[in-house]
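Paired with subunit B in one complex and with subunit C in the other, subunit A is shared by the two complexes that follow.
Showing the complex of A and B:
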């Protein structure tokens, strides 16, 4: 079990709202999100398309592109301050140096005209790294660590590498400047099963060895289940449930988490128990402005869900935003302590 | 019923300065599916599962072997006759976004093939509209809502249902669904799988399901067969539940071991198999194709080529010299 590492900074996302300007006015893609990344842990954010998870990830770098903008809230990183208030050169230097980002389809985010080594040097120069040979050495050892022939990979063009190899290059580029907060957006999408398992194992190992605080964004509950210490479930721009992964999966409290778990094709068990969630996930334009975002598809909906914003309740290490859990836990406002790491069994 | 025997296919890469490179996609694959049956192909990208699906749907040529539909060998027919056979096999592919014409309403999308169908069977104009509504109902869509809309106004799951409804306009015997759920939102995937199973039950249409997600194969029907394909060869084949619960080939075991475990709900299998990394594709193929990655290989695996069979008295067929059951699949955790 990883211990909290002194190198690993904590991250506190508070009351974050991100809106996109559309013909119908400014619509919220992320609404009032509170999420703490405990130093040295892996947090997984899971959500379907349109849940706002990628927008949340981009906010970690203050990199939401117009027509989107961060309307309110803060992303406070230890030793750095609130990245939402950063701009210009300060912000550019933060990216890569402090916060590493592995983009969705990192396989396709490499320059096809330059070798990996050249791209690495570009990265070094843009961050005014004096010791470029040292940077190359670090990159090579990172790639070697991930089971590749580092020297060969640096001499390769992206088309000479397989999907799994490119993904590891993406991870290397995110870590090589010694960032200790790492965001991975869909790190295994479009990879084969066996390659996915390899990449997930590598992410976990590198995370522990380097003492990172890691955020993994994915639509695949299995990916989060495999590597994350804590799990946050996003729906319609809101965090509806979060807590230690094993607890959330073992006993989900939010009807959406329950429904999602029931909707996953599984290798074992009664196939008749599985059922798709009715309805469809909301898009930016169809997220209801009032009441619970999930009520349309919910099997335990009550009258209050139509109009009342669900209370954000802290129940032990769990945070749930649902009317049905009301009375079970403490309201958000009274909570001062952050989420704690769950007990992990061997 | 559709059968394939000894199907081989090699792609030749052109344009390289060093001359053509040959990539074997299928190395002598046998296939058979009863009317109304279900078969799933699983394997990693590049294993040949899509190529085999396309060959069986008549969309791709093959180098040798024979395909027969209801006992009629396709090689004995003229191009035209072949076409009328293959029309009964419809392909549904991964991306419902690109499979539909964005400039046509769903009504227009269904109207064209149905008009042709009406002409072929001597039916009237009114039949076309009735049939369009009937088909949409069959795939779980509300015709009143869907007919007048364009594809971009529908969700991914609804679009895939429209694609399936369009495939049904020609009254097919078989649907070839190639990764048909991989671009659908997780919460809606099961709905598409349930629909395919329902179409088997209600229309007797058979389903060939091609996927990299082994778990989805169970939901097309537990009576189905699973083919595990590695580098153009079937390495294990048998009843879907047997192959998933009791795999004997180390490659199948590797695939099943790689599936993420839902910690808290499941306990990982005790003997998970981790293969070594993918090998150089230019390497010469002698012996078992999986041997270079196999943790259990012996000298025999390097020298001889295993053949698909029931060696060792297994329920399923496999191509391994050392078949052994290993518990690799996660089991449900005992709830406290």
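Showing the complex of A and C:
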């Protein structure tokens, strides 16, 4: 049961659009995304490769890389304000200190010429940490908890660590400054199943101990099922469905979420039951400008889907963007509160 | 806890092993170069030794005395089997006896080489280091400002200077500063009016005479440095760990150090090699500015058919390259942890 901690800041992403400049002009990788991270919860974002997950995650730190830029929208973090409007030293001090970030390519997130310990000290000095020995101790204990020999790892260079060890170092560096918002982009991709389970458990534990607000990005529904309180499903730069993890996975409302679930081969049961989604996810250039982004692959599409933007409907604790749900809930324009506290699943 | 300790793990053995490899390869190189020198000296058309011998006999010397004289000149007996001659020659070399110079009669090749070497060593060393320093600093700016005018300008200056042959640059600078605006001497190492020694007049004159060769050499190699550094910095800027450091909110000064240290690393190989080549590298410049270094000496030895001197010069160049390689290797051991541990990942 996640504790809604008083210290945990809430995060409100509103109408966020991020574009990349390409040969065909600026194309949106994230479009009109509204997402609230409830204080003290873990939110999972799932979606196929290229759906805009990392772009969304980078926006949380106002760190979209050229040729990309945030075209519109805001990312409001309690106590920090709208990070999209932050710049210079204010932005730098926010990164790392207040918002911890685990980079998707966490295996390559370290300077090859310095030991992990020295990079940790650089991090501490960058954020004016006075108690550097305390920081080292904290780092060591985090690493120990993740099943590594902390002292040895701090004394190592990147090339002396395996991919999975580096990934855990990346997680440690995101947590060690005690940031209260933590963004993890594919934190367990380089890990085997058992290590992955350990790491997810540690993330969950630290999250609860410290009362964090956490966003976990993954393409693996198993990971979100294990760790996330709330789940947001992304497709072609849009959030197509969100809600409490159990409800979304137990009774998916959006045809894409249904497709994703059906595509998972079960460990027990007939392998033929797993049906891969037909077709391929869109790329920047092939995302349709109007109508539903998913219609090419949707088995229940209607005429209106070709031209009409699906309405964003709030149905109880869930939000669905699909014409099939029309008339069931309230439209986004009339509801601005989003999910409220106390509604998380048990 | 040895957080800041020097990682000693098995590093020493790897260094010794590589050093031994370098020395072995160096010996082979020396053997090849000296053997080729011997074969050239012994087999050039017209047989200079036979010619010398006959000339001495014609001048009235007894055959024995003539043979003795030729032996002193070349370091081996022109009689006896090829193999005996070769062994004699090598034995001489092992005693550091490089034979006698023809162009500077009565002087050992070693002495001639050393007196010429200092006139090459100092200007070329100064020029190389000067252009290296200026080139890498401007190279960093050219990379960081590569979207702007300054970056373009720096890159263009690099490409232009890199494309101009050394001798064109030398002729151009010579024409400008000795003829058009005659503020610098046209040749030599110092005015004869000054007593060689540690006095202001002589040293001032030395510097005046060295200015054109040094500046020409520096300008000629500056383009290479700035282009190499720029491309190296651009590569590092694209590395994941730089973005990761930014996402962790590292200070700009620390990130700058990460970039600079990683980018300069590959350039040390080029620096060591160009320092190794330094003895052979200034032929045109020394010729044009009539500067009595090794380049000029090599030209004189070729025109004077002074094969012993040529052989000695080639040997010196070879040894310099070997030493440069070893120096580069030791340098990498100090600055690159991946080399230090022999490249084996844990």
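Assume the second predicted complex is superposed on the first by the 330 of 346 C-alpha atoms of A that agree within 3 Å, B and C clash if a C-alpha of one lies under 4 Å from a C-alpha of the other, contacts with A are read in each partner's own complex, and residues count from 1 in each chain.
Keep this in mind: a residue touches a chain if its C-beta (ideal position, glycine included) is under 8 Å from a C-beta of that chain, and two chains touch if they have at least 3 such contacts.
These numbers come from a predicted model, not from an experiment.
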Would you sort A:274 into first (subunit B), second (subunit C), both or neither based on which partner it touches? first
Could you look at A:193 and tell me whether it touches subunit B, subunit C, both or neither (first, second, both, neither)? first
Once the shared chain is lined up, is A:162 touching subunit B (first), subunit C (second), both, or neither of them? both
Using the superposition on chain A described above, determine whether A:223 touches subunit B (first), subunit C (second), both, or neither. first
One more residue to check, A:94. First (subunit B), second (subunit C), both or neither? second
Considering only touches as defined above, state whether A:108 meets subunit B (first), subunit C (second), both or neither. second
List the residues of subunit A that touch subunit B in one complex and subunit C in the other. 162
Touching residues on subunit B, where the partner in the complex is subunit A: 44-45, 155-158, 185-191, 193-194, 212-216, 218-219, 222, 244-245, 254-266, 274-275, 277-278, 329-333, 335
Subunit C touches which residues of subunit A in the complex? 58, 61, 63, 65, 92-97, 101, 103, 105-106, 108-115, 117-118, 122-123, 125-127, 136, 151, 154-157, 159-162, 170, 173-174
As the complex stands, subunit A meets subunit B at residues 48-49, 147, 162, 164, 192-198, 200, 219-223, 225-226, 245-251, 259-261, 263-269, 271, 274-277, 280-281, 297
Can you name the residues of subunit C that touch subunit A in the complex? 1-5, 7, 239-241, 243-252, 254, 258, 261-262, 265, 335-338, 341, 343, 345-346
